[in-house]
Structures are given as C-alpha cells and as structure tokens.
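One chain, chain A, links the two complexes that follow: it is found with chain B in the first and with chain C in the second.
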Partner chain A sequence: MGDPLVIADHVFSSRLIIGTGGAPSLGSLEEAVAASGAEMATVALRRVDPSARGSILGVLERTGCKILPNTAGCFTAKDAVTTAGLARQALGTDWIKLEVIGDDKTLLPDPVGLLDAAETLIDDGFIVLAYTNDDPILARRLESLGCAAVMPLGSPIGSGMGIRNPYNIRLITEAARVPIILDAGIGTASDAALAMELGCDAVLVASAITRAERPAVMAEAIRKGVEGGRAAWGAGRIPRRLYAEPSSTFEGLPDLE
Partner chain B sequence: MIVVGGGVIGLGIAWRAAGAGVHVVVVDPQPGRGSSWAAAGMLAPVTEVHYGEVPLLRLNIASLQRYGAFVGDLEAASDVAVGYRRCGTLLVARDRDDDAALAETLAFQQRLGLSVTRLRAREVQELEPALVPSVRSGILIEGDHQVDNRSVVAALTAACLKGGVVFEKHSAVRVEADQGAVSGVRLSDGRVVPAGQVVIAAGARSSEIAGAADLPVRPVKGQLLHLRTRDGRAPVTRNVRGLDVYMVPRPDGRLVVGATVEEQGFDATVTAGAVHDLLRAAYELVPGISEMELVEIAVGHRPGTPDNAPLLGPTSIQGLIAATGHYRNGISLLPVTVDAIVGLLTTGEVVDEIIPFSPLRFSPVEQPL
Partner chain C sequence: MNVTLNGHSRSLEEDATVVDAVRLLDPEFSPKGVAVALNGEVVARSQWNDRRLHEDDRIEVLRAVGGG
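== the complex of A and B ==
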C-alpha cells in the first residue's frame, strides 16, 4: 500500500469515509459504498437499532467497511457521552465520531460541549474523531486533548456548499500532527479534491453521495476527486502568477530571419 | 389456499380470490392492525418520487389508475365507505432552501412526463389559506389522492367475511413443504392448515416465518399523529407535504401528520422526540394546528426491502407466492398487487407489470462454470 491513512494505528488504503445518512434505500447505499472504495463508514447510533436484522449495519458488514458510530443528534456533552457508551456496548468498538451539535438549524458544532465531551471520552479510553468547526485553535485544542483525528467542516452538514474557508483548513492541516478529515459541506468531486489539495488526510462524505441523482456514480467521482487531490498535494503545484509564463522557452528555436 | 397476513394486501387478495371461487384461509393474530392501520392513506407517488425508483413509480401510477374501480367494487361488496377522495396533493416550500429542493423535484417530475404544476407563493396561499404566509412556493399534483386506510381495512374485512373467507387468528410459524412444494402452514397453536398455495402478505413480519423463502424484509418504524378540530373541519382541504412532514386531512376534521422513518427493529415506543419533530414541522407549515386536539399517536412497521420496492410473485418454493415488502406504498399499491397476485393464483400467469418486482431479484445469480 503506497500512501496509507493511519488513524490510531489502524491502516486504511482509502482516504474517503462514507456517511450513511440520507440514503434512499439500503440497496443504493450498498452500491454507493462499493463504488466509493471506502473502508470506513459512519452510522448515527441514535437512528439505528444495532440489533435489528437486515439493517444498515448488515449492508456495511457485507461491504467490509469498518463501522464508525457517531453521536449525531446530540446537543449536549452529556448526551454525546451517553450515546458513545451505548455505541461501545452495542458495537464493541471504542471508536467514536464525536458530534455535539449547537442547534438544529445550522447543525454547527458546539465547541464548548465538544471539548468537554472529548476530554471525558478520551479519559474513558475512547478513540475520538472529533467533528469541529474550521477553527485552527479549536482543532489544536482537540488534538492536544488526545483526539485520534480532527474533523473540521467545510460548510454546514448537508449544505453542499463546499469549503467556505480554505484558508482556515490550510492553517489546520499545516499545524496538525493527527489526521485531519474534512467533514461536512462536500457537494461534488471538486470539493473533495480541494480538501485534499489543502492537505487534509481524508474526506468524509454523506449527502453529496446519498442524495445525488445517481449515488454510485457520484461515489466513484468523489473517490477519484480524493485520489486526484491527494496526488496533487504531494506533487508540488506551481506558484500562482499574475502574468503569463510561456510553457516553452525560446531557446533552440530556429532563427527565421 | 392460505394468505399469511391480514393487512390490506392479504385481505384484498383473500377477498378477490374468494370471489373467483377459491377457498381462502387468512392467518393473522390481529387482522388489519399492523401497518395498514397505522398508515396515513396518502396516495401520492408523484409527490414522493425518488431518484432511482422510477419502476416503482410506474407500478404506483398503474395502481392509482385502478383505484376508483377497486374501491367502487369494494364499497359495493362490503357496504362500507372507504373515503377515497380525489383531493390532489400540494407540495410546499417553506423557504429558499426548500424552494431549491422543489425546483429539483419539479425538473425530475417533468423529465418523467408527470402532470405537475409549479405555483408561486400567492397561488399556494390561495389554495390553502391555512398555510403560513411565508411559504415560498409549491407544486400542485392533481393526480395524488387519499383513502381512509382504516376504512379500507374495515371494508376488506367485511367483504372477506361475506365472501366466505375463513380467519385463523394465530401467528403463522412455518410454511410446510413437501419435496419443494408448499403443503400448508403451521400455526402458533401447533395445528397445520393444509394448502397447495400460500401467499406471504405478512408485511414486516414476512421474514420471521420459517420456510418462507427468506424474504428480504425488515421493519422500518413510523410514528404518526392524529389531530382533530372541534368543528370537524380540517385546516387544509388536500394532502399537504413539506420536505419533512405530510398532513392528510380527513372529512371528519382529523389531520394525520406523519411520519418518522426509523431503523429501530420492531420497537413500538412512542417517543417525545418524534411527537416534537412532527408537530414542529407541521406547525411551521400550518400554525393553526396548535389549536387542535392530539387524539392519537400511531406506530407502525413498514415492510422495507433493499430497494424500497415490493416483492411480488413466485418464490423459489413451488406454490409459495410473495405479496409483501410494500414499504411506504402498501395502501397505494393495493389494487395492482391484488390484481396481479389473484391472476397468478387463478391462471398461473405472471403479468408483465410485476416482473421487475420478483422476490428472486436479490438472489445471487448462478454463474455458469
């Protein structure tokens, strides 16, 4: 594996993580997950009964995805901690994508509750991947608390508005020593490519795939966007210039005079 | 023959099959009290069309075209009115974001050649003055109607009894088979009712019956509210759908508000969150509902399948026929399902309409060596 993504000693070859919310049917979700090549998918524990047969978890098991439970729908640190505990019990995993939501109009993270819950969960042995605002200082605080990955948003969940503040994402990725996963706001493949070009280690996408007219086709497109963006980030792009620079020099050209 | 499951699908098949001269036994511990009872009775496939589900839309439209004739026969056979109303459905946008979503829906509907009309804010307001004045836009779908599903249950039950259908009020435990062909159904009291043909119409419970071809059906919980005005007049005159909620007005002044979609197995708990979310979404569209009486909170389990479409037709077991997995469309798919399955039972022919919905479509294809 050439360029693996490592989160808390777990090695992934795919840098695309799938969110399952909004899938029109389990069948179309299964096709989309397969087309995405994702090796990890996140599931809202509050919206799925882990013991129910034939559910979303069965689909993810068939595709071989690691299941990352999340605390979507939790508005307080206390709720998020309780939900993480239920996830650990029901799914037998210490991994949790921590969301503490500020309000249900914007679904923006509540930074105070987030820090509080992250600290509690890390102390309790959880591997915390924290969904956060695109605030570099908050990202650093989450990393220093011991989060296994920090997941800044590009724009609000489900908005498809892309990355509204690329500058902040850049500041976050440059300073980080844990994986940075762009979470929320991706609308299409170019958004995912931009995230990777800004130095993100992975991208989490849900609505852009599940709510697309053709989810499996969009999943493949975003996979390619992630791969292209990652390669471009490592390739060293040329600097931006105000005026043209000819791509061929004049050296060695025939003198026609 | 035996029909396992006494919801609208099972009762409809039993009624029509008995009318064709077949001796029919319906097996269900509580006929008509599953998802058929909990449903809202909205017949709105054009309003709720989804990407990737066009074959299901076509089947729904074929079914709705037969609705008038079907309920006419049913009302005549049962002497029970079923409240079939050609009321149309109004899809509304609260704000600019909803409006963008509606524009996408409209474009898809128009691409499919469906009959829909885009309405400006004021036109929406004129149609339904109880809607919040800030409504941004709407789509009128004149062909999407409603039926009172509980009356359909009552009418089908009466028609079955008049037609000589026998009810076994027990659970079906197992489909008995002999050399790959159905021989009967074992009940929860231990008896076996013999039959050469068995229809599985047990909704979300269809996958719990042993020997019934492992049909891929799972329960998808839904909670709905029933509100009522004091003067017996519902605040809206047609089905109203927002992006998060629908409201179905009944002639007696009831307003059915639904519905949650929850992957919670057979859990039947009424939750504060569901009541809150449904009321808030309904209130955002029709503020006047706050004056209404909350008379009931219904819970049901839709029979979900991997592609949201039903399982209709022969299974891998000879004599075992599936008529289940109707998910959100059990009431609207009633006529087309009954016609196709009764036709199959009496003539052995699988009509073209249901071929895309074969219960065998999820089975792994045998690869030639």
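== the complex of A and C ==
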C-alpha cells in the first residue's frame, strides 16, 4: 500500500474519514460510505429507541469501516469522559473522537474542557482524536498530552464554509508529529483538496456528503478531491508571485516590426 | 419504585436491577452496541444483572446512531 495513513499503529489506505450524521436514510448513507472509500466512520451515542429500524452498525459492518465513536453534544469535560466510557462499553473500542463543545450556536470547541477531558481519557487508555479550534498552540498542547491525532476545524460544524484560516492550518500541519485531520466546515471537493494541499493527513467529512443532493456522487467527488490534494501536496507546488513569470522563453523571439 | 429511564418516569419492582430497566425499555434488546449510565456513571455490562436500582435513579440506555 503506497502512502498509508497511520493513526496509533492502525494503517488506513484512505485519507477520507466519513461522519455518518445527517443522512436522510440508512440506505442513502450506505451508498455514500461505499462511494467515499472511507475506512473509518464516526458515530454518536444516543438514547435507545425501540421503534427505530435498522442500525448504523450494520451499515458500517457491511462497508468494512472501523467505528470511531464521538462525544458530540457534550458541553463539559465530565460529560465527554462519561460518553467515551459508554462508547467503550457499547462498541468495544478505545478510540474516541473527543468533542467538548463550548456554545450551541457555533458548536466551537471549548479548549479548556477539551484539554482536561483529553488528559483524563489518555490516562485511562483511550486513543483520543481531538476535535479542536484551528489554533496552532492548542494543537501542540493536545499532541503533547498524547492525542493520537489532532482534528482542527476548517469552519463551524455543518457550515460548509470551507477553510477560513488556511494559514493557521498550515502552521498546525508544519509543526505536527501526529496526524492532522481537517474536521468540520468542508462544503465540497475543493475544500477537501485544499486541506490536503495544506499538509493535512486526512479529512473528516459528514454533512457535505450526507446532506448533499446526491450524497454518493458527492462522496466520490470528495474522495477524488482528497486524492488530488494529497498528490499535489507531495508534488511541490510553485510559489505564488505577484507578477507574471513567462513559461515561454524570450530567447529567440523574432523581430516582427 | 420510580426511576427515570431515558428521560421518562417509569415504575419498576423494588428489587429491580439494571437489566430489568433495559428490558422495560426494549424487551428484545441485544446487549451488543448498547451501554448504560446510572446516575451519570457507566455500568459495565458484566454488572447489569447484579446492580440494584434505587428510588429516583436516573438510567440512560444508549446505542450508536449516525453522527459526525
């Protein structure tokens, strides 16, 4: 396998992680997951509803995705730690996408609660993938605590606003020694390509796929965006210049006056 | 005994355990993919049969759903 993504010794060939929230049906979701080529998918924990039909776990089993439970909806470190413990019980995994949300309007992370919960969970043996602001110093702190991956946002969850501060994402990827996964804000394939061109190791996409008019088509488009962006990152782009740089030489120009 | 089960007030026998609460919610439950919190603390599946409930306990029975 060329150019694998390695998170906590687990090897992935796909650099697209899919979030399973927001899909109109399990059937639509399954088509989208298959088209995305993703090898890991996030799930949330919610109250049992005996009337619910089908299971997200069935979809992920059939598509061969590793399950990454999240702590979405947790507003305190304590709630997030308890939710991670419940996910470990329900799903038999130590992996957790840690979210500690500070505000229900922006869903921006609470950095203080996030650091607190990350430390507790890492001490308890969890593999923590931390959803964080696009703050290079906070990313470094999360890495130092022992997070297996750091997941800076491009813009608020579900906003589709893309990457609002590409310079900060670049600072984060340049300094990181753990995988950086761009999480939240991706609206379309070009946003995913940009994330990879900025040096991210992977992207996590939920709403942009599940809420697209044609989720499976968008899943494939974003998969290609990720692949193109990753290749471009490795290819070494030309620098940006204010003025033109001719690609045709001036030497040998005829005098046509 | 009255408890709060997934946000609703429910009545259980005096000697009820966690597994009785789960069964009350879903008689055909499969423990695979399900987790329980009792008054905000995780109860390991191995303790569901033995862990006694008390008046006004808050029980949350959770499973995985779609989420980003």
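Structure notes:
Assume the second predicted complex is superposed on the first by the 242 of 257 C-alpha atoms of A that agree within 3 Å, B and C clash if a C-alpha of one lies under 4 Å from a C-alpha of the other, contacts with A are read in each partner's own complex, and residues count from 1 in each chain.
Simple rule for what comes next: a residue touches a chain if its C-beta (ideal position, glycine included) is under 8 Å from a C-beta of that chain, and two chains touch if they have at least 3 such contacts.
Remember, it's a predicted structure, so these values are computed and weren't measured experimentally.
When the shared chain is aligned, chain B comes close enough to touch A:30, but chain C does not. Touch criterion met: A:48 reaches chain B and chain C at once. Looking at the shared chain after the overlay, A:56 reaches both chain B and chain C. Of the two partner chains placed by the overlay, only chain C lies in contact with A:204; chain B stays clear of it. When the two complexes are overlaid, the chain among chain B and chain C that reaches more residues of chain A is C.
After overlaying the two complexes on the shared chain, residue contacts for A:213 are found with chain B alone; chain C is out of touch. Touch criterion not met for A:247: it reaches neither chain B nor chain C.
Of the two partner chains placed by the overlay, only chain C lies in contact with A:21; chain B stays clear of it. When the two complexes are laid over each other on chain A, chain A has residues 26, 47-48, 55-56 in contact with both chain B and chain C. Contacts from chain A toward chain C in the complex involve residues 19-23, 26, 29, 42-48, 50, 55-57, 67, 69-70, 72, 82, 85-87, 89-91, 157-158, 184, 204, 206-207, 210.
Within the complex, the chain B residues that touch chain A are 50-53, 108, 207, 216-219, 262-267, 304, 306-308. Taken together, the chain C residues at the contact with chain A in this complex read 6-7, 25-26, 28-29, 32-37, 40-42, 44-45, 60-68.
Across the interface of their complex, chain B is touched by residues 24-28, 30, 47-49, 51-56, 212-215 of chain A.
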